[in-house]
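What follows is a pair of complexes built around chain A, which joins chain B in one and chain C in the other.
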Partner chain A sequence: MNRHAKINSARTADQSHFRTLRLGTPFQPRIDALGLKQDWYNWAGYRAPHSLWDEELEYFAIRSQAALFDISPMTKYRIEGPDAEAYLDRVTLRDVTRLKPGRVHYTAWCDDEGFVLDDGTLFRLSPTRFRLCSQERHLPWLLDSAIGYKVSVEEETEAVAGLALQGPTSFAILRDAGFAGVERLKVFDLAEFAHEGGTVTISRTGFTGDLGYELFVPADKALSLWDRLMAAGELRGIRAIGYTALNRARLEAGLIVANADFTTAEHAIRADRLRMPDEIGLGFMIDPDKGHFNGRRAILEARAKKKLRHVLVGLEIEGNIPAEHAIVYYRKSQEIGLVSAAMWSPMAKRNIALASLRRPYGETIVDDLWVEIYAMRELQYQKLMKKAKVVPRPFIKLDRRTANPPADF
Partner chain B sequence: MKAWDAIVIGGGHNGLVNACYLQRAGLDVLVVEKNDWVGGAATSRELTPGFLYSNCSYVCSLFRPEIMRDLELPRFGLQVISYEGGAVFTRDGDYLANYRDHDAHRREFARFSKRDAEAYDRYSRDVTRQCRFIQPLLMRTAPDPTSFRLRDLGELIYLGKKFAGLSAEEMALTLRFWTMSISDFLDEYFETDVIKANFALSGIIGTALGPMSPGTAYVLLHHYMGEVDGSVGAWGYARGGMGAVTRALAASFKASGGTIRTGAEVDHVLIRNGKAKGVVLAGGEEIHGKLVISNADVKRTFLKLVEEKELPDIFLRRVRNFKIRGSSGKVNIALDSLPEFHALPKDSPVYRADMHFTDSIERMERAYDDWKAGRWSADPFLDMMIPTTLDPTMAPPGKHFMSCFVQYAPPKIDGRDWTDADRDGFAESVVSQIAQYSPGFRDRIVHMEVRTPREIEAEVGLTEGNIFQGELTFDQLLFNRPVPGYAQYRSPVGGLYMCGSSTHPGGGVMGAPGRNAAAEILRDLAKPSLHMSPAHDVI
Partner chain C sequence: MTSSDLNWDAVVIGGGHNGLVAAATLAKSGRKVLVLEAGNEVGGAARTEEFAPGFRVSAVAHLLNRLHPDVVKTLELERHGLTVGRGDFVPSVALSKDGPLVLHGAYGEVLTGASTSEQSAWKELRAQLLRYAGVLKPFLSRRPPDLGSMSLAEMTGLGQTALALKRLGKEDMRDFLRVLLMNVYDLLDEQLSDDRLKGLLAFDATLGSHLGPRSPTSLLGLYYRLAGEIGGLAGAQMQPKGGMGAVVAAIRAAAEKAGVSIRPASPVARVIVEKGRAVGVVTQNGETLRARTVVSAVNPATTILDLVGPREVDTGFVRKVRNIRMKGDAAKLHLALDRPPQFSGVDAAGHKGRLVIAPSPDHVERAFNPSKYGAFSPEPVMEITLPSLADPSLAPSGACVLSAVVQYAPYALKEGWVAGKPRFLKAIMAQLEAYAPGIGATVRHAEVLTPADIEARYRMPGGHWHHGELQADQMLMSRPVSGWSGYDTPLEGLFLAGAGSHPGGGISGAPGLNAARRIIAMRA
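Moving on to the complex of A and B:
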């Protein structure tokens, strides 16, 4: 082996990852201490909680107090350079030239055929520096698209820890934690604040449709940030929560999840599962006047030739039995689509759902829609055929989400 | 004198699968096998006390689950155990592992390239799409595009519809897949040498082509089409070695009333008035049968077992030109303890996986250069595994059986036959490669079985020792396998059929050629194939 002596030590040091199939996030010591249920799931290779102690109370922490949710496993890319704006304007759907430094927008990006690769949030940290957060991983796509631009793309998922602090008391907690000036953040604003000799980036964003913030911090400052928030929030009902509660809040907010409500283009094995933005409710992001972007030609052609085949809609379903993954029918007989997420909404007091329908159903034909619910009750399906109505999203609209200054609960 | 309903020449896995289906359909079937054991290239033999080798084929994935079910192979002892991924050792003292867990797999790739780690999803999607297109074709007789029979037209339409069901992008990819080199294909996804080498090996196994030769991308697909009990693309060990597959087939065959004669080498097929009437054994004994089915490869069948005068010239010429070039050998090693590898932590699952030492496509291609020059590779490509880490039946406790598939090994050395000294030199190239990565490896060796193409051809009967009975390049697939016009298991001689891997859909321990041939034979006899399940749905 002497002739093989040149060992890359950094690389070999990472060999041991095979002993830990599910990583902990930088917040894991705190989450493990609170995770009384030991109810974990796999989020992109991390051990993430479905629920920590009580699903219901975790949900109500979002709506009535403040909920702390660890978003560190979210994929994060640092995109930087003099051409970063032009590059992202080309790669993503929305007009990035209108995204000012200190602002965030929700966007999506497509392959050349106009099929959605993913949706995510784009943070403009400075005129030349951005952070793109997403569900799936896209480094080859982002790097290949960068050819010809003066821009660097770096994956920084492990280096940056993230927290969502959501709920009516979230603003008061941040203020009490000493983040002076946080009251000036309007929805989709971001700013940097001092923390432990470093900085934390706080944005007024979230996945709940409620008043809320997201905080990004270098991984080594994660635990002190957690402790700072928990201490400040003690009297305002701050609670750590798992994904089940968050998933309910996001559905009430009418937000979609990649590979739950639609299949991303790089994962779709079956060609008919691919979706254009207009087919999953993201048509509003498309700006035909902004210049070229990936998928533009195909998307505009599909619009012009009426080749869009699907539509994603919000449904209100009679009764209170959730219609999870129910088939949607026209006139109780013709299959026209599928429910991808459903719940009884405690905030709206309605039985709500997201569904993908085959056009023209959900587009021009919106009457006489039905869902067939298979409710398993003590080892028997109770089959229910319930009337469904197409309704606008979000299913709930909370004034406190956008109120300025944010209310002091 | 007794006339059997059918005589199957060769007790390899396809011969036995074919015989099982025919016997179960009510025929009186005899299998004649030249060796004193059945199995062909799927065999396990004890050559040194206490150690069972998988002498030729060594892993299982492609064997069709429909056949296992139809022939009740679990009842006759077949059990396949998935193994844990694999690894390529790198020359700088590290390794790249393939872990079964998706996220561990990504993290492992990220040690070498973050970009390549995230490229795997798209690669995997594209390969899966292509496999889903081809997989349903495995268990169907390929249509004959020159015939205008209704059935062939129907099958052609099926093929056309499947193709038309692809998107424009997928169609382009399909055509590229069928014609591209594995090296070019991988360049479209990955940038790191060792990661490309890791995937490329499936494109060259058993093939007398290098990773830069056009056509090798398809060979990779062929190896991705299998499963272990529904775990698609997984590979496993047959408990008791690959002989367990053919032992179970033989037991199933006998249980349904079939007869096997071992030590019975066929000298030639008995043909009268253009019709097969039986076989003549090497000793001169005649055995009569209404049908003869050959499990031997197409060259052996028609250039050795059938007289030239019985065959049309064009057919003969095409059989002679059929590519069935020897390219690989096998070294089976009995070890008195588990080898250690410098690079590998002692608790690594890679010990229970397949291991490789060729960390770049360039090295693979150079190994192929040696083959072209008529030499075994000085720096060979090894597919090495230690099945006894998961299967305790193949060696005494604490001792191990190591299987090394070795590429490349030419059918002739500098144009002359292999000698024993060549064979020893070939074995040394393998042992010295392993020893570079595994300290004290030589001292652990108790016994070795070294098989060059010479030994494989002599013992198993595979022409030039080619493991697929003919290369899996696109000019030799579907209705061109083995010969245009004779891709439906029939031959120019009435009553003489083919059922080996020379026929569609080709090699690997798959069983599909044997089954599909049985379906055609039963169709000719107008007998229902009640005991044959249709292919599983691909949804």
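Moving on to the complex of A and C:
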């Protein structure tokens, strides 16, 4: 065979990823079987469902039963070493020295200019081992941040499969599935449980504002975990769901999504799209008294010099038409911001939204705010100018989310 | 520790000439200043050192051609022993098998040894080079403009530059912009024909950088050289009596007069950082010295990565600092000779000047080529001085000191400098022998300082005498790194004052002076 042909075939073999433009997750065989609507979207290169069979019923599975959502495409990093705590304390905003082993916290991280690179959850698996979960990929940033620390950073997105089990019956399902001791998990606790000769990490966390758990398992144990939960949950209404339903639940919980409610710093092309934590409601994470962290100088300077330009607020809007991507006005005329997520909330029985406003609107000026909703009605827009009110987040607060022990629904 | 140690206004890390200039300037503003020098002597790469019994030489920098007039004035260096007279200026001699060519006065006010037509071409080119260097001069001395928030003074400064540019006239301004980032080789080809003159200029443009004459932007190096002045004359050069150490002695005297305390043999282990602010230093002896301001006149990468540590600054900043290119490509040669050498065809005045072996731009380019791949030049180019001719105190009676900067000698020599150094010395001696027959037999002692040696001996990472390549991407607003070119750092209270900062290396004192002025302006 001639040399070039040999090289070409070797190259083709190396480039087989071209043949799979969207990867499947370790749960794909189960999800494909349930995905009656074939309604896929691209989540970080993976084929993920918008909806499997019915958006409305999938949403109500979260609120009235238990919903199983595949979070495997979430970017996951394994961070380990004697300096792991100090390292993460420098990389991320919140004080990692106060995150105890067996606990999880929601955090974010910034570049030198104090602009948010991403938000995510940090799992402290042991004194020296962490898992950082995020929307975007950050390996070069995390590795360069490790200069000067005794720490290893490894991407484990493919190696670790993840599931979110959310909803009132989620605890009972885990108990019935035989995860003894899961009742001891308080919100943001995590623990390891036996599964198929290995372990599954279960944390009482989620993205729904409801009672719920997240489970992480080696990819080769993914399907058996799925089957174990499905079997245990059969009589408790367990349902696989897609992102549309989850997105509604998270909005009710007042949680933000990177690159939906704010543009991450490495993705933003336009300079005015960058956001500091204080500008997207994450100011509470900043602790000026902890050790140095990335962006500290810029963030504290912006605070001191009043250079913060935006604010992210929760809005309650009159009527029941979702104000998705509506422009926000002051006195019906002056453009002051944009709605990034909106819905009629069945739980809150309110028309809710998240919006980014230009300060001082939403900060000191909160009256006389309006949104202009373009409602498409049979090929014609009905333009609605609706009054909006700044309200605190979350939009709903469910006692069952934090109740101890968790209720047995 | 005495109680007075507790409250320094400023601690300056590094007693190189820039550290001393910064310290003296700060002390003159009424601050209580302490200089911590790692070595037993201050002066860094500007020391005069004995390299063989009875033979002394300017350790790294051996020609004074850019000591900033503001430094001379601010520190009153003339009152402290620095003398610069018109008679001290020395010529540059381009050595060649075809006989030497000499640039007299301030960078060739008069050219001898060349044809009449070449002389008039040179007259024009020299005037043009100095005119254009003059436009850049304010840029290459002041604090670079702060792109984020420009002060009125900075605006005025920029305005003056714009005015200087405008004063050139339309044609000249266009030409200035055309040639600004050119390579020196092509520019010389446009205007000159004598290879000896072109070789000399090509050498000067690339001296001290990892560039060949044909490398894009190499012309900037020549502008940098010509933006320097001494005794009020742009392009002039001199060999200070007593070596470069005498210049340092004058600066030191000015600093001590201003009340600066200087502690030699006190290497700093780390900078103390509290809540984003530098509040002092810990020496390697374990002594803690607190200060309102910490000024680092050592290498910027050393300062940030070793003394401050990556944990106290942001990731993006660490990235930038680690990416500063600073691998030296020049070596220093010191020869102790039994008697003064005789360079063929060169007169007595020429021997007291700067003798350059760079017979053509192609020769310089060919010397550069191997260094790209980790090998030294088999036929190196060099600038040679014989300082003991004008200052007999530097050598035993009748003997002679030869000091030369030799290119190209890559920091990361593939074969390693242990094996490479003797071979490199042989290559250098072969060149010298060709231009000064018989010199080899008179060598009593030879010392070659490779970039690796310079790194170890003078604490200059990469052995780079500019503390960072002086190329377009590492100049002005990008020196030492973009966003932090104004001598301040992301740490409040920590300032950079060494050659790694704008405008760069050479014995100018400008980074030290600018840093001190910045600190005074910030009332830090």
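Assume the second predicted complex is superposed on the first by the 395 of 409 C-alpha atoms of A that agree within 3 Å, B and C clash if a C-alpha of one lies under 4 Å from a C-alpha of the other, contacts with A are read in each partner's own complex, and residues count from 1 in each chain.
One rule holds in what follows: a residue touches a chain if its C-beta (ideal position, glycine included) is under 8 Å from a C-beta of that chain, and two chains touch if they have at least 3 such contacts.
Only a predicted model underlies this, so the values are computations on that prediction, with no experimental measurement involved.
Colleague: Regarding the shared-chain residue A:219, is it in contact with chain B (first), chain C (second), both, or neither?
Modeller: After superposition on chain A, A:219 lies in contact with neither partner.
Colleague: For A:375 in the superposed arrangement: first (chain B), second (chain C), both or neither?
Modeller: neither
Colleague: Examine A:384 and indicate which partner it touches, taking first as chain B and second as chain C; both and neither are also allowed.
Modeller: Touch partners of A:384: none, neither chain B nor chain C.
Colleague: Look at A:365 in the shared chain and tell me whether it touches chain B only, chain C only, both, or neither; answer first, second, both or neither.
Modeller: It touches nothing on chain B or chain C.
Colleague: Which partner chains sit in contact with A:271 here, chain B, chain C, both or neither? Use first/second/both/neither.
Modeller: In the superposition, A:271 contacts chain B only.
Colleague: Using the touch definition from the top, say if A:294 reaches chain B (first), chain C (second), both or neither.
Modeller: In the superposed model, A:294 contacts chain C only, not chain B.
Colleague: Quick check for you: in the superposed arrangement, does A:148 touch first (chain B), second (chain C), both or neither?
Modeller: So A:148 only meets chain C here.
Colleague: Given the superposition on chain A, which partner contacts more residues in chain A: chain B or chain C?
Modeller: Chain A has more residues touched by B than by the other partner.
Colleague: Considering only the defined contacts, which chain A positions touch chain C in the complex?
Modeller: Residue list for chain A touching chain C: 86, 90-91, 111-112, 141, 144-145, 147-149, 288-289, 291-292, 294-297, 300.
Colleague: Which bits of chain A are touching chain B when the two form their complex?
Modeller: Interface residues on the chain A side: 1, 4-8, 11-12, 14-19, 21-22, 42, 44-45, 113, 136-140, 143, 155, 266-269, 271.
Colleague: Could you list, by residue number, the parts of chain B that touch chain A in their complex?
Modeller: Per the stated touch rule, the residues are 91-95, 97, 99, 101-104, 106-108, 111-112, 114-119, 121-122, 125, 128-129, 132, 166-167, 169-170, 189, 342, 345, 347-349, 436-437, 439.
Colleague: Tell me, which parts of chain C touch chain A in their complex?
Modeller: Counting only chain C, the residues touching chain A are 273, 275-276, 305, 309-319, 322, 490.
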